[in-house]
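Think of it as A, B, C and D in the order they're written, each chain with its own count starting at 1.
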Amino acid sequence: MSAFIRSREFLLTIIVATSFFIYFPYFVTSPEPLPSIESWLVTTTVVIVSFAVLVSLYTMTRREALRVTKRGKGWPYGLIMIGLTWFMIIVGVISGSSADAFRFCTDAFILPGDATIYAILVFYLTSAGARAFKLKNLESLVLMIGAVTVLLKQAPLGEYLFPYIGPVGSWMVNNVGMAATRVFAISATLGGIVLAVRLLTGKEMAMVGLLSRRKKD
Amino acid sequence: MSSIFKICATIDRRVWYALIFLLVGYGLLRPVGFPLIVGPEVKQAYAVIESLKPGDVVLINYDISAFGWDEIKGSALSMVPHIFSKEGVKVILFTDQDQGYIYLETTLKQIGSPMKGYDKFPWYEVQGKKYLEDYINIGFIPGFDKAIAALASDFRGVVGRTDWYGNNIEAWLDANGIKSASDINMIVTLDCAGAQGSWVNYWYLPYKTRIVNAMIGVSAPASINSYNVGMLEGIVVSVRGAAEYQYLSKYYGTALISMDAFSMLQFMLIIAMIIGNVGYYFWERKQEKVS
Amino acid sequence: MDIISLIITILATFTTFSLFSILTGVDNPFFALAENIYVGGAVGLTIVVSFTWIVSNVWAKISSNPLANWPLVISLVLGLMMLTRIHPKYSYLARIPICIATGVGVAISTRAIVFSGLLYQIRATIAPIFNLSDPMTSFTNLMIVVFVLTALSFFIYTREIQGPLKVSNKIGRLVLFTAFGALYAQTYMGRVGLLLGRMETLLIPETSLYISVIIVLLILVTIIVLTKYYPETMKKLNP
Amino acid sequence: MIAMFAITLYYMRKVKLPFVRRVPALDAIEEGIGRAAEMGRPVIASPGIAITGIDYWTVGALSILTHVATLCARSDLRLLVPLGGSEQSYTLVEISRDIVENQYRLEGNPERYNVDDMPFLSGRQFAWASAYVGMLMRYKPAVNVMVGLQWGSAIYIAGVSHEAGSFTISGSDYLANVACLAVASDYVMIGEEMVAAGAYLSKDPVQIASIRTQDIIKAVMAVLLLLGILTLTMGSDIVKVIINT
């Protein structure tokens, strides 16, 4: 039985079958039970996701517990991390996510964390810009022209000092930017569809990497 | 001389980081008030909302989730009170994002106050408009574009009998003559996920409903595209557009204050690029040639 | 400001500036502490979210009427198969749900893009280019077509780049790079908006300003002293 | 859609190796890992945050991860993979672990695989990113391969990765982010380069032939576009109508 479940053919059949149930009702108006199977599959994926996180919780707890008991490097950090995780899980499971203690942790640590990392992006965008915008060749010249016109157009002071830059900047974003976005979408779409074909024929490298085994196994 | 160029080429990135902190702090605490040019798009958006007549019904969509709130709040806090300030206009609040109601309530809390005798939502009075008299909140309807399409085809059916808080709203809808999507005169959508495309497809194209759109920078290209074709009546792009709108509507807020810091940061980036290039040309390239 | 919200403000400010401390480019105990608290809390939150979803959407239905909801029971079994990943001997069972998730994910993501990513894009590009009454729009439309075609030729992989294709490829490259510059600047603007939003909550009103200044000084001085005078202690403190 | 499937299958059957242009970003992976082996420093790689589940971007990224894992196992290197990042990413966590473990076993180096090098760092993008950054600062990896769905946090990671002295190869699923990554990292994958990486890296002629299909459809699209404009100029929007149906 285990050899059968491990076999490439069996797992590939699962992929092909699930894909069929997703694709078919979308392109062809199909009778029941096909649409119900489709929505069942989508729900099932979410269920699978929700259970997968428990495995991650297990590996994480085991790793940090080992670090703490063996007094590995930086073990107090591990203790804080795993302690807060389990505290939140216990509070959240017992009294729900609107409990005061739970809200306290969210408001004091998680939401400020989210907002901070989002705000930190400006710093790295600036240092990347200062580093990368060097006129080395034609490409870097047009890169810089695109960036500077749009920057000047957006800053109120820039638009005031250079009134003609506004329309040029808008034209850049609306036309050059849009054309590139369109081509990017076309390219990615084609890549995606061809990838689906490779996946369904079992040729995609990720699947080969997942399913291939050494001879003696 | 070459030592200056060397400094230009090897300037520590932390200098820029510290400068950003200082400029932003200074700009926020001591606004200078650089001149602001209001673009035609925002003027148009303002004029469209200004043209609302008594009896018009406006649907405001909160396509807002946590990550975009800091960027879109400037628009929300100026456009929404502007709409509420128009006399005789009825407002329906709606969100297509599961967290959207949080930001809807945040907005109402900031621009309104609890009605007499009440202390919790939905009983808030905003610019003289009372809940269940002048406005209602139908809350979150799942499905994103599917929800917008469903509202267009069967408005009353999808909205149901009650609002987001469980109050019966049938009488209100009947009294204001809202039977189907065609009875809604204008849609204002505050986008973090590009909902305007669906509004255009399912509302503008069949009913010619007027749409005004505010959005975050990432979804700007698509909105500008729709605006240029004439499917959107006005657009308010990111913090810059919000500042212009606050300036026009006189609901001054942080977006307007932050424009100074904004200008300073953008000029700082340009100066950083120039210094980097000077350093590159007069020092780094020579080093490369030597080695 | 009541005491609880004051404590929340202090902790939130501390978390914020500890995370900002990575800008100094030094691995320091403040960042490590904030990082571990943040990750620990986030893991707890995500697990509670998943748990709540399972209880309210799956378990509630199954427990109320298991026979009518038999497909959900299968979902639950498939979910439980994921747990076999804990034990290496049975972990092969987890590949069944993994393959279902992959099949569903790829099929869903590729089925709609045929229209939105391909046909719609082409349809939107087809616009009048000879319209004498509105020369500017016509010119713009023409330029968009040129940009799209040349940029498309940049993505040709299986034909040797020579002759007219080489010119087109070169132009397409330039189009892409100009767009990169413009989009970079646009993203910069959006992100500046976010930084301003965050700084606002840290600096206004005055109580927050004082808390922020004190915490920034505390963190900066500690980091500078530790790196300059006690590098050994710093190493010990870092994870 | 069916036509595209058919063309692809046809080309994959007709085993013939056409000319394939080099993709610098993908070639750089091998070069970077070679450098890591010289310096004896670890490698860090991420298959993205999979916000919409295992979609085609993520499968493309998993192919790249497979490639990275194979090379690392071959050169006996430590591979760090920070996982998580969104509430749909938990399945990806397990697939990635499975794939990397399998590669180390296939290369006959199973004892080098350590599940603790592939930590789960929560289902929130920015918590994941800050822990990713912490790993970059602490282990100073020689190469950072970040592909798949990389959203706002990518620029943060790429910035710190540069400061930590890692060679950065990145990719993203929307153009505004690719633009920022092009500015911030050493190599960037644009558009289909990441999605088609599996075929490109496999060096299997059957799969490389599938890349050919993408070019053919692109040509068809270009022709459709020109035809549409031509007919529109003559006053008929027949092509638009055809596309609409």
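We adopt the following convention: contacts are C-beta pairs under 8 Å (C-beta built on N, C-alpha and C of every residue); 3 or more make two chains touch, one makes a residue touch a chain.
Predicted model, so just to flag it, every value in this text is computed and none were measured.
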Chain A omitted: connectivity of the other chains: one piece
Two chains sharing the most C-beta contacts: A-C
Identifier of the chain whose CA centre is least distant from the whole-structure CA centre: C
Centre-of-Cα separation between chain B and chain A, whole angstrom: 25
Chain centre separation (chain B, chain D; CA means) in Å: 33
Whole-Å gap separating chain A and chain D, where each centre is the average of the chain's CA atoms: 12
Distance from the mean Cα position of chain C to that of chain A, given in whole angstrom: 6
Multi-chain contact residues (two or more partners), chain B: 13, 17, 20, 67, 70, 218, 220, 225, 240, 262, 265-266, 269
Chain C, residues touching no fewer than two other chains: 19, 22-23, 25, 32, 34, 38-39, 41-43, 45-46, 49-50, 82, 85, 95, 97-98, 101-102, 104-106, 108-111, 114, 118, 122, 124-125, 148, 152, 155, 176, 179-184, 186-189, 192, 194-195, 197-199, 238-239
Sites on chain D at which at least two other chains make contact: 1, 4, 53, 56-57, 59, 87, 90-91, 94-95, 98, 120, 123-124, 127, 130, 152, 160, 163, 175-176, 178, 180, 183, 190-192, 196, 211, 214, 218, 221
Chain D-touching residues of chain A, taken from the complex the two chains share: 27, 45, 48-50, 52-53, 55-57, 59-60, 63, 110, 113-114, 116-118, 120-121, 123-125, 127-129, 131-133, 143, 180-181, 183-184, 186-188, 190-199, 201, 203-206, 208-210, 212-214, 217
Contacting residues of chain A [partner chain C, same complex]: 2, 5-6, 11-12, 14-19, 22-23, 26-27, 40-55, 57-60, 73-74, 77-78, 80-89, 92-93, 96-97, 102, 104-113, 115-123, 125-126, 129, 138-140, 142-151, 154, 169, 171-173, 175-183, 185-190, 192-193, 195-196, 199, 207, 210-211
Residues of chain D that touch chain C when the two form their complex: 1, 4, 18-21, 23, 52-59, 87, 90-91, 94-95, 97-98, 120-124, 127-128, 130-131, 133-134, 137-138, 160, 163, 175-180, 182-183, 190-192, 196, 211-212, 214-215, 218, 221-222, 224-226, 228-229, 232-233, 237, 239-240, 243-244
Residues on chain B engaged by chain A in the complex (per definition of touch): 11, 13, 16-17, 20, 34-37, 39, 66-67, 70, 220-221, 224-225, 228, 240, 243, 259, 262-263, 265-270, 272-273, 275-277, 280-281
Residues on chain B engaged by chain C in the complex (per definition of touch): 13-14, 17, 20, 24-25, 28-29, 69-71, 73-74, 216-218, 220, 225, 238-240, 254, 258, 261-262, 265-266, 269
